[in-house]
Each structure stands twice: as structure tokens, then as C-alpha cells.
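A, B, C and D label the chains in the order they appear, each numbered from 1.
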Amino acid sequence: MDRQQRLQRWERAAEPYLFVASLLFLTSYAVRVLVPDLSPGWQAFWEIVTFASWGLFVVEYLFRLLLSDDRRRFVRTRWLDLIVTALPLLRPLRIVDLHERMQHRRDHPRLALETRVMAYAGLTALLLGFAAALAVYHDERTAPYTTIRTFGDAVWWAASTLTTTGYGDATPVTTRGRVVGVGLMFVGVALVGAVVGSFSSWLVRRFRQEGEA
Amino acid sequence: MDRQQRLQRWERAAEPYLFVASLLFLTSYAVRVLVPDLSPGWQAFWEIVTFASWGLFVVEYLFRLLLSDDRRRFVRTRWLDLIVTALPLLRPLRIVDLHERMQHRRDHPRLALETRVMAYAGLTALLLGFAAALAVYHDERTAPYTTIRTFGDAVWWAASTLTTTGYGDATPVTTRGRVVGVGLMFVGVALVGAVVGSFSSWLVRRFRQEGEA
Amino acid sequence: MDRQQRLQRWERAAEPYLFVASLLFLTSYAVRVLVPDLSPGWQAFWEIVTFASWGLFVVEYLFRLLLSDDRRRFVRTRWLDLIVTALPLLRPLRIVDLHERMQHRRDHPRLALETRVMAYAGLTALLLGFAAALAVYHDERTAPYTTIRTFGDAVWWAASTLTTTGYGDATPVTTRGRVVGVGLMFVGVALVGAVVGSFSSWLVRRFRQEGEA
Amino acid sequence: MDRQQRLQRWERAAEPYLFVASLLFLTSYAVRVLVPDLSPGWQAFWEIVTFASWGLFVVEYLFRLLLSDDRRRFVRTRWLDLIVTALPLLRPLRIVDLHERMQHRRDHPRLALETRVMAYAGLTALLLGFAAALAVYHDERTAPYTTIRTFGDAVWWAASTLTTTGYGDATPVTTRGRVVGVGLMFVGVALVGAVVGSFSSWLVRRFRQEGEA
């Protein structure tokens, strides 16, 4: 049990640093994609930031794996950690834990259940949409017959994908862009569905309260 | 407590006037967008109506801010008021309060919960869709490579966006048009989701009652 | 009370005939749209069937209006009857009552609540989709720049609209076609949402039962 | 009752074999569609596998029909079995029973209700999407004016259909492809709706538990 406790204490302590590292990862990735004509010095700087933060994720994951009592169980029960370590652009999916623990620590008055679900699912969807727009823009802008030429096109595509509108005026044509797109569709439809469901039940609750008042 | 009560009394008294002002705002905006070759006199008239009603929203918001006990709390808890004051085309989002209070005053028999949610969310979605169609038509009709040439195209685009159908035969190409589009997608998916959910539970309830009868 | 009872007895007796008439209306409309090169005799025959069934709906509605105690209340509470009388292609929306009463009469074992909602909403959606495909095909096939050239295109469009997929490879371009399209989008999104919700809760219930067994 | 028991014992015993046969069917169909320039020997081999597994489904269905007490009731209550026997590409719809019985046998700790619904509906949707992509690719790749030229296009189309995104950049143009598409739309919208609903309620439950902890 000692080891389990040490693991939990570690996770609680490491999370704010990982959160900062994930912001650095996303920022450096965004800068490298959106500002392609960086000077060689800045290029190197942002590349180092990208890989350093990624390295941090990998090291931290391996360290926790070492700390754990039962390693196969660790890998199986924390599969989401493995995924977001391998693909750091998916890291927004882990925000919930940080956010929850932060709230516990500060003893804030808790938000209503629906508001918390909406905030978590909505924020995750937005961050994943932003990451997907970056990745797709990176792959598509120079592809032949591309319809995603500017980052604005990529954001427009990501928004129409997340909401399942799917206009089709800007869509990825490369294989990698489409793989990202399929991922965004499935994750997006689930997260946005959760936001809509929570909004719906929040609205119904508000109307019920006003009806009783 | 005295100030709080004065604020509430004020809000109850001001709402019908604000509602009329928001109709005037939408009407004048619609006229200016849809009838581009107005005579200079009418043009000036409708511009004055637009800005006068907007000015009224701003003045009323500042007045309430002054009346409130705790101004920072006022801004934080009434963030929707701030948004609809800055962007009056989003004012339909505030209809719910008026509608609710009207019903209280007249002592009407209350509608069923689902019907009220459907009516509020559906009406809000329709008004926002109309406002978005106006704004997009205004920006897009003269843009190069536009696919939205008539107001009918804009309405068709707004309907296919609100229901997340998203044909893509008419879509905004300008940045401002796309910003409006992204807003409509996210607000629309939430409001239409609430309408569908309420319709669904209304249908289930009706079938259950008929089953018991 | 006497009049109210006579009205109800009348409605119960008239419904099977109205149902047959609505099938005749839909059939004759379909034949006239899908077989454009009918011989003049058949053309006249199916036109008569169309207008005779429509006339029956109008006469029956007016007759019930006469029978009712309070005519304004009749119009207000039975607004759906007025709509399906004016636009007989929407008549599928009235199926529920017939279906319910038929089941009562025959003392059949009742279906589960979710199955009934799915059957009603699904069947209504399919019939409305068929009616919309007919109406859109009728208007679009000869329009300039049309993308709906065959009835297959129209059915494909209707299916992609009902499920809010909205590919956009076949979409109406005429005003009348688009009005039908907007109606199908909003009615479709609500009905299909009800089917999906009921299917979802049926699936959950089935899994729960198997879990307990 | 003896016959009914024999039928049930048979079904329990036959299921693993049918599951293997359905995997063989899907594999052989996939190989024949995706590797069109097979040597005549392999071509014959995979054709035999396809038809042998299909034959097995038919024989097994007829055998169970013979075993049953009341054959008309068997056909009516097991309509899904009849459909998946006639169209073996829809066989994924039957997975649920196998999966459930497997879990019973092994006395595994049961997964949460939402997880089971998500796993079943999600897996079924993925398998049907794969089968539909195969069928559509088979029909479309050589059609005139096709937009589905590679299997990647077909998968991209299937994903955008299942999530009701519907970009429309790759859509079937042949009648058979569109029939498959309509089926995927309606089945997909229901299954993905069930996944989204279960994910939503799982998320709400998780947030509620963390709120109480």
C-alpha cells in the first residue's frame, strides 16, 4: 500500500507541472505550424520546447510505471495516460483530473453538475479542435488539390466537424489529415453530445425552478 | 438589501421596453441589410433606429451596473447581459426572462415543462438563425467566390447549419461570415439539441399517458 | 356535453376512412409526379383522386368545426388538424392517433413504450421523407443547375437530410424545393432524435435486464 | 418444452462457431474486394470461404427453424436472425448475444452498464461502417463520375456518414452504393446516438462521484 500512496502523492504533485508542459507543447507546436518562416534560432528553440515537453511526458509516465505495484494493471487501467503520452496533442483529454483536484484544493464553492460537465467536455472539445486544426493545416496546406490553404480554413473545418455540420467546402485530402479528421469526428461527436445533453438538462432544471418559484 | 430590491424592481419595469427596443434593432438592421437601395432619408432613419436602440441597451446596462451593490459580482453573474449588450444580434438569448415574467404576471395556466423548453429554445434558435442569416448575407453577397448571393441562400445556409445538416452548397467564405457561422454552429447545436430532447420526452410522456388511459 | 360526445364519436368513426383517403392522396400524388407521361385519361383520373381526397379532408375538418361547442377553441387546440388539412402531404403526422386507437380496439398486447415511440416517430419520418422527396423531385428535376435529376437523387437527398448527414451532392436549388427542405430538416431532426433517444433507452434497458438475469 | 430447451442449448453451443464463421465471411469478402488482382487459385479459395460461411449461416438458421416448436413465432420474434442470414454483412448486429453469454460463462466482473452499451453499440457501428466501406468501394471504384476511388475514400465516407458529419467530398453515385449508404445512415445514427448518450451519462456519473468524494 505504501507504493500506491507514494504513486498518488506523486501524481498530485506532478500535475500542475504537466499542465504547464502541455501548454508549452501546444504553444510550441502552434508556433512552428503557424509561423513557418521562423529564423533558424527560433525554429530550434521551439523545436526544443516541443521535444522537451514531450520528453517530460514520457519520463513522467515511465516513472509512474516504475512506482506502481502492479505494472500490467497500471498500463491497463491508465490506458488514457498511455495514449496522451504517445500523442501529446490529445493531452486535453486529461484536463479533467487537474481541474477537479484544483477545485478540491481551493475549497471553492462547487459548480453545478451540468456546468462542470459542460465546462469539461466543451473545453476539451475546443482544445482538441484547435490541435486538430493545427495538425491538419500542417499536412494539408501544401497538398495537391487541397481545400485547406489557410489556418482559418482549418479552424472552419474543425468547427464544422466538431458540431457534425460537415459542410465539406474545406476537407482534408491527405491520408494523415483524414486520420486526424476521423479521430476528431468520433471524439467530437461524443464530447459535443455530452455538452448538448448537459445544456439541455440545465435548461430543463432552470425552467422547472422558475416554474416552482 | 434596499439597492438589490431597487435593481430588481427596475429590471422588471425595464424589460418590456428593452424587448421593444430589441425588435426595433433587429427590424432596422434587417431593413438596412435587405433593402440596400434605400433613399438617403430612410437610410438615415433606420441607421438612427439601429444606433438608438443599441444606445438604449448600453445605457440601461450601465444604469443597472450603477444600481448594483457589488459591481464586480454584477458583471460576473450577468455575463450574458454584457454579451447581448455588446452584440445586440444575440439579444434573443435573453427572451426567456421576459417570457417567464410575462406569464407570471398574467396568471396564465402554465404550459408543460417540455413545451416551455421547446418554445424558448426553438424561438431563440430561429431568431439567432435569422440574425445570423442577415449578418452573413450582409458580408457575403459581394465577396469574391461567394456562394451566398441572395437572402434566400443565407436562410438556407442558416437552416442547414442550425440543424447540423450542413449541405455545403452555400457557405460563408469571408472571415467575418465564418466567425458568425462558427457561433451559429455551437449555439445552434446546443439549442436545437434542447428542442429535440424536449420533443422526445414530450412524445414519450404522451405515449405513456395514452398507454395508461 | 352532448355535442362534445357526438364530436368524439364522429372522429372515431371517420378515422379509418380518412386514413384510406390519405393513402389515396399520397398514391395519386406519387403517380402523377413519378409517371409524368400518363395518358390523358389516367392523368385526369389521378388528378381527380388527389383533389377528391383533399376535398374530403377539408369537408371533414369543416364538419367537425361545426359540430364543436367552442369553435375558436377547436381551431386553437387542434392546430395540427388545420395544418394537415391545408398541406395533406404532412398528413403522416396524424398517424399516431389512428394507430393508438386501432390497438385499443383490437385489445392487442401492447408494445413496449420505446418500441411504440420508435415505430411512430420512425414511420412518420419515413412517410414525410417520401412526401418531401416527391415534392422536391417534382420542383427540381427541370430547374436550371439542378442536382436532383432522378427520383433516386431525391430519395438520397431526403435520407441524408432526415439523418442530418447532409452530403450536399444533391440539394434543392428552387425556392419551393428549399422551403420543403427546411421543413424536412426541422421536422426530421426532431423525429429522428426521438427515434434515436428511444432506441438508446431500449438498448440500455435490454442490457440492464441481461445484466440482472 | 423439451424442444425449446434443445433449441436454447443448440444456440448456446453454436454461437462461437457462428462468430468465427462471420469473421471468416468478413475477411474473405474484404480480401476479394481489396485485393482485386488475386491469382485464380486464391480467388477461388476466398470465394469458397465466402460462400461456405454464408451457407453455414443459412443451414444453421434452417436447422433452428426446424427445432423450434412454433415456426411462425420463431420467424416473427427472431426477425434480426433472418436479416443477418440474408445479408451476412449485417451480422455484426448479432454480436451482443455472444458477448453477453461469453461474459456470463467466464464469471468476469461485469463492466458498468454505460460501458457495455458503448462497447456494443460502438463496436457494431465500427464493424458495420467497415462492411459498408467495403461494399461501397466494391461498387463505386469503377463507376463513372465516382468520387470514391480508393478504399481510403470509402473509409472516409463511412466515418463521415456514421457520425452524421456528411462532408460530401466522397459520396456514392451508384444505386447500390446509395442503398448501402441509406442503410448506414439510419443504422449509424441510431448506434452512434446510443454511444453518445451512454458516454454522456457515464461522464455525468463520473463527475457526480468525484463531486461526492
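Keep in mind that, in the parts below, contacts are C-beta pairs under 8 Å (C-beta built on N, C-alpha and C of every residue); 3 or more make two chains touch, one makes a residue touch a chain.
From a predicted model like this one, the values you see are computed outputs, not experimental measurements.
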item: Pieces of the assembly after leaving out chain C, positions unchanged; value: one piece
item: Interface numbering overlap (same over half, different under half) for chain C and chain D; value: different
item: Angle (degrees, nearest 5) of the CA superposition of chain A onto chain D; value: 90
item: Euclidean distance of C-alpha centroids - chain C vs chain D, Å; value: 31
item: Distance from the mean Cα position of chain D to that of chain B, given in whole angstrom; value: 44
item: Touching two or more other chains - residue numbers and ranges from chain D; value: 160, 164-168, 197
item: Category of the chain touch graph - line, ring, star, complete, other; value: complete
item: Chain B residues touching chain D - in the complex, by the definition given at the top; value: 164-168
item: Of all residues in chain C, those that touch chain D in their complex; value: 152, 155-156, 159-160, 163-169, 192, 195-197, 199-200, 203-204, 207-208, 210-211
item: Contact set on chain D toward chain C in their complex; value: 100, 110, 113, 116-117, 120-121, 160-161, 164-168, 171, 175, 178, 181-182, 185-186, 188-190, 193-194, 197-198
